[in-house]
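Only one structure is covered here, and it is reproduced in the block below.
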Amino acid sequence: MPYLARRLLHGIALLLGVTFVSFLLMVYFGPDKTYDLVGKNPTPQQIGEVRHELGYDRPFLQRYGDYLRQLLTLDLGLSDSSGEPVSAMLERSVPVSLALVLPGFVLGNLLGLAFAMLAAWYRGSWLDKLITSASVVGMSISFLIIIIALQVLLCTPYGLNLFPVRGWKVEGLASYLYYVTVPTLALVLVTLGYNTRYYRAIVTTEAERDHVRTLRAFGASPVEIMFRHVLKNSLIPILTRVMFSVPLVFVSGSLLLESYFGIPGIGQVTFNAITSDDQPVLKAVVGLTGVLFALALSVNDLLYTKVDPRLTER
Amino acid sequence: MKPVLEVRELSVRANSSGVRHRLVDNVSFSISAGQATGLVGESGCGKTITALAIMGLLKEPAFTVTAAAIELNGRDISRLGGRQQRALLGRDIAMVFQQPGTALDPVFTLGQQITRVILRHRNETRKQARQTMLQALGKVGFADAEAFAAAYPHELSGGMRQLAMIAMATVCRPAVVLADEPTTALDPGATALILQQLKRLQADHGTAVLLISHDLAVIRKNCRDAMIMYCGRILEANGAGALFARPRHPYTAGLLACIPRIGPRRPAVVDAIGGQVPAMTDLPSGCHFAPRCERADPTCSRAAPPPEALGGGTVACYRPL
Amino acid sequence: MTGTAWQRLRDNGPGIAGLCIVLVFALVAVCAWSGLLGQGWAQVTGGRWESAGPDHWFGTNLLGQDILARTLQGAANAIETGLIVTVFSIFLGAALGALSGWSGRGWPDELVLWIAGVLDSIPFYLFAAAVAYALQGHEWSMHVAMIVTFWTTTARIVRGEVMRIKSREFVEAARAMGLNGFTIVLRHVLPNTLHILVVQATITFVAAIKTEVILSFLGLGVKDGVSWGLMLAESSQEVLAGHFGNFLAASISLFLLLMGFNLLADALQDALDTGKVIR
Amino acid sequence: MLKKLQGAALLALLMLGGCGQSPDPGGKVPVKIYRHALDGAPASLDPAQAASIYANFIVVNLYDTLYRYKYLARPYRLQPNLAAAMPQISDDGLTVTIRLKKGVHFVDDPAFARGKGREVTAGDFVYSIERQFDPRTRAQGAWLWQHRIVGLDEWKTRGSHYDEEVPGLRALDEHTVQIRLTRPFPQLAHTLAQGFSALVPREAVEKYGLQLASHPVGSGPFKLLQRDGSRAVLVRNPDYRKEPFDLATEGYDPATQGHLGLEALQGRFPPFVDRLEIEFITEDAARWNSFAAGELHFIKVPVSQFDNVLSQRNPLKLSAQYEGLYHFAASEEAGLIYTNFNMADKRIGYSSDPVRNRRNHALRCAMVKAFDWRRRNEIFFYDIGRVFPGIIPPAVPEYDPAEDRGYTRRDLARARALLRDNHWTADNLPTLDYGFPNSVTERQIFEQFRNFMSQIGYPPEKIRPMIFATYGDYQRAYSQGKVTLINSSWTMDYPDAENIMQLYYGPNAAPGSNSASYDNPEYNRLFERAASMSESPERTRIYRRMNRLLMHDCATISGISRTLLFLWDKHVIMKPDRSFLGGYFLRFVDIDDSAEDEP
């Protein structure tokens, strides 16, 4: 299928770009661990030794080449600070991040969609107005504020003091809920406004199509119309949004949450890598996010053809 | 003979950004089983709105619908809502829309869409429903029903889509079908097919058809009765034959004058109506047609003329022909 | 903005409210720049963590600096960042968007789309951090990071719009008159995307301010000076010790400003009826 | 905790429609668990890289060192750990002989033959020190022994081949080490109580390479179970050598320590707890809340909580609400916080032009006079930090209570006069770069500093912040002399003032630890003279003289020692410590389960 081939080509081009830019910024001009590793009273010669050990003294292209090879072979080397294999760090932290972000991500989208459909069905009614204005309010509250406020309200003696201030000691459902609740709430609150508004825009346009009028003219119930027809028709933009937010939510999104709630996920690993000049880790994270993103792009296009019969002949 | 559908004092108001104006003004008429009634008027005069109002598809807050009664087989459906109303739609009264292109859901096959209607209104198993669906498609003239059932709307021509619409509208044998400009978007061949199907309906199930069109020729050919609508009001109603033979309302007369006769002898258009159709937002007081009517006098602009019986039909005019 | 659009905007209550809020903050910013407001933000004028009172309306922080002054200065900083980032990223977006849109499926189009794709694929905060490093913690690193990443959305939208306009008669006419692509785009095409740019600008502004706060919180933002983000960073330690001055001042003013812009953005979208722009 | 659980369950209902059983998050287990909090996370657990107090804190529990500090004795005194006795030093002070205990084994690990931990030998010690001088190790402790052990530096320049013997560092037999020094090194025993000197088995290094940093193989009282960026879990090493705890040896003082219930430990075998859970919590507030919520047994109280925790300052008194719950101890850190001038910077330091040199000296002294230690102490140390003139902190015996306090007394008039008399005006004052790694507190400290200076007419815009995303970047910048005002703190590596005096020894100039690049020939001469002396009245005289030289040259704005407050649960039997003792005390921590319920 030439279409697929084209997508693949795009994907590769994208990956090369991402890896190159990120390498240039984060590695070549990037942080320098030398001075974390030299002991007290180092001599210039010792500093040189460390730089050599870290491979900072090798030529640019060679380093970039190695980087690409690492990504291809998924042999990501060892962390400069902990000496742990980067792959091991990812295996350890990615599941945590997933567990942390997934509930909030899913809830945020589902609730957003639900509100959007309500608003669309009662287009122009007070309910619609309420939902729209609420979403504007939601969009106006910064993630930071939500996190700080929630922590004070739910995790401290100044508030309800129901949940832990930080940490992630998950053994079983109860402890999972115990630790995941506040971050989830934060995530939902911060995404809900945007999702609701975005989905409303989509669903309303779909709900005003002629064929929806036809359905009503043939006695279809609101539920059937909204869920069976409108939803399926608006699936493409919804999928697009979801697919595209996946890679970023799981890195950027969890970065703030995890560094604030002290949760050992990919976000925290990344944050520590930044503050401790841990290049191997940074390289891996950025590279893999790029890969994820390229994948998301391609998968998305495939889904289109699955969802919308009009796109099959392409 | 008892009318199947009787509409009394139907009015529709649009509420857009504070200003409320009438789209349909105090319309009353009735149509009886096994025959077609034509509703004629220039586009934007409220024909479609009337139909939608009858179907109860116009919703607050965008529209306000008021009616003394809309009786379907003697049952007032104007005040129904929710479940009861939905039970009627597509079963006892159905509608065929103007744009077959967009009236069907693009992401479901024709089969799926028709079957849904059947499952909704007739307690049949999926299997039975599928059979019924195929028969319906067959009836409207799809030779290879299976193939069409599996097709998506975008894979069919406009005419075929409209036939499918009709199949869908008739699959439950409704008492009334409101056909809103069913042929405007189609080429002559398809038009013929569609109209033939509508005729078959009346013949086979004694279905009453309200044929909405701006095309007088179509109405004349296919309807027993006809109504002339202008700016949300019915100006004249009569048997099609009588109405076309001897129009009473100046507007009707004007319209008829516009129909091109066959043959080269006469110019395509003679003494067309002067002036512009007024905007629904600011209608002239009294008879809406008065400003364009050469017979108009001050009385016309004072109050809306009530429908008066005349020559077997009714005319809303102070100075009928 | 056309007269009718202005009419529609005037009828939009929330929109006007938003506009007013924005104008108030803009006024504050101007006053702060011209040295009338929030000058004492660096001076120590009180004890540590004094509660609100006549001489310190919002109280003081750990060092004994007046929180009100810092809030006002923070507002000025937020607006400044917003303006710089918006102006540049919109300009960049419009230019590149027009270029790729006009060039159709040619290589400039492919190139621009590729760059945009690449930039969008890098997690933003990592990118900002990286730029901060690359620029050796230069005071503009934050702005650069934002501009470089924010232009893509605008570019994509403008591209689409330009492609649409390209096929219109008046453009054909201009072509027929033998005008070169550049002049056509400049004179005939871009002006027709103005309404989109206006809306995009308000949205970019919001994004910029939000990001400024978070970056400053992470220490990648404002270098010398005060920012709501820095105040929140301070407060994130203080609130748990029961001092809410910094937090309330910063978060409330941040909320108001963002709210104002969001309302304005919505109103503009309705007034200029560009469909709801996806955010 | 229970209250919180209900909260969780309640939300569970809201979210997933309820969940039945809800075990204690943290897991109720019949073993003794001690939960500790550090305000930072260790990067590496390889002894050779145990540079941070965090790393050291954990490393000394996973590995064994030859010596350690007595648990309870103050001032700190050394105590044989893996060594059988204190080192035997020849009369010329150049040959040191150390005997190791017999029958000590490394923990079982695949690295060893048949996975059984083999006996610890003198060879391991030799190897572990040599490692520090092998670039491939990325070691950070070499500076402790540099130029001090015969042939070691040459061994390195020859390419660090382990089969090659170092004349000054030899294993006489399985359990005897002999060290030959280039010159007397009184602090040697101290250096052998540091994580850096811990004994590492060569097999493990060769098997795991750099990964040793996350896969420790030692002979310490604990083994690593799990570790990530936010916590480490250690479990008791069942094969740890059996040595009964003895109050007398550890320097128990009933008068000051009687209330801690330490008697209960007498004669038992450490480690006393089965499991250590060490949380790395950098945010003060989060750490405190975690402690207040009962998730931790111990906390170093963050300054922001002092108001809340203390009811009065001198003497320090715990506020009533906590007295019943917690034990409480205040300890003065063995170290200091100071702001160096970069003397290598012509704008403010040494200048070839004698006039400028004099003016710069005056400028520095003016800034020293303008600095408000009272306020600094009040705002950032809750007024319980110890301010002292110069660099010799109260924690060391060399500290001179009689020293003139003028150096740390604010005197704006005098400062202004100094500027005036040396023709310094707002216009011709140099623009200075004040560096700090990004953090809220560091920024506040900077703003306060700038504020102090603005009060003697130093234009704020002339003191520019130079913010670095990481501490490493900051270190690089000032090591390369890019920073003019260097705010730093020094925590002593061992309880001997020499470790502080070297901070201004010329040859240690940047990139060395003498970040001020202070270079005063007399100071250097005195330092070298004292280098071979161990603590003595004479050395004390010399050090105090050096301190005065430094102050006269106004090379640094110094200094203050923090007072650290520790709170720990009444159920926990321990005497916590943060300085040299490092993590050594963890093996002596016990939990009094007569009152079983966990907080």
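Should a chain be cited, it is by its letter among A, B, C and D, assigned in written order, with residues numbered from 1 in that chain.
Everything below uses one rule, namely that contacts are C-beta pairs under 8 Å (C-beta built on N, C-alpha and C of every residue); 3 or more make two chains touch, one makes a residue touch a chain.
Note that the coordinates shown come from a computational prediction; the quantities given were computed from them, not determined experimentally.
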Report task. Just tell me the minimum hop count from chain A to chain B, counting one hop per pair of touching chains. Result -> 1
Report task. Let me have the rounded angstrom distance from the C-alpha centre of chain B over to the C-alpha centre of chain C, please. Result -> 53
Report task. With chain centres taken as the means of their Cα atoms, state the distance from chain C to chain D in Å. Result -> 45
Query - Whole-Å separation of chain centres (CA-atom averages), chain A against chain D - result: 38
Query raised in the report: Distance from the CA centroid of chain A to that of chain C, rounded to the nearest Å?
Result: 22
Query raised in the report: For chain B, which residues are shared contacts with two or more other chains?
Result: none
Query raised in the report: Residue numbers in chain D touching 2 or more other chains?
Result: 283, 285-286, 289, 469, 473
Query raised in the report: For chain A, which residues are shared contacts with two or more other chains?
Result: 31, 156, 165, 274
Query - Pairs of chains satisfying the touch condition - result: A-B, A-C, A-D, C-D
Query raised in the report: So in the complex, which bits of chain D are touching chain C?
Result: 283-286, 288-289, 304-305, 307-308, 378-379, 438-440, 443-444, 447-448, 450-451, 454, 460, 464-469, 473
Report summary line: Seen from chain D, its contact residues with chain A in the complex are 3-12, 15-16, 19, 21-23, 25-27, 41, 43-46, 49, 51, 135-136, 138-143, 146, 210-214, 228-231, 279-283, 285-286, 289-290, 292-293, 295, 469-473, 475-476, 479, 502, 508, 511-513
Query - Complex contacts: residues of chain B adjacent to chain A - result: 52, 55, 57, 61-62, 85-91, 94-95, 97, 99, 102-108, 116-117, 120-121, 152, 154, 165, 168-169
Query raised in the report: Given the complex with chain D, which residues does chain A contribute to the contact?
Result: 31-44, 46-47, 49-50, 52-53, 78, 81-85, 88, 92-93, 103, 154-157, 160-175, 177-179, 181, 184, 262-264, 268-269, 272, 274-277
Report summary line: The residues of chain C that touch chain D in their complex are 42-44, 48, 62-65, 129, 132-133, 137, 219-220, 223-224, 230, 233-234, 236-242
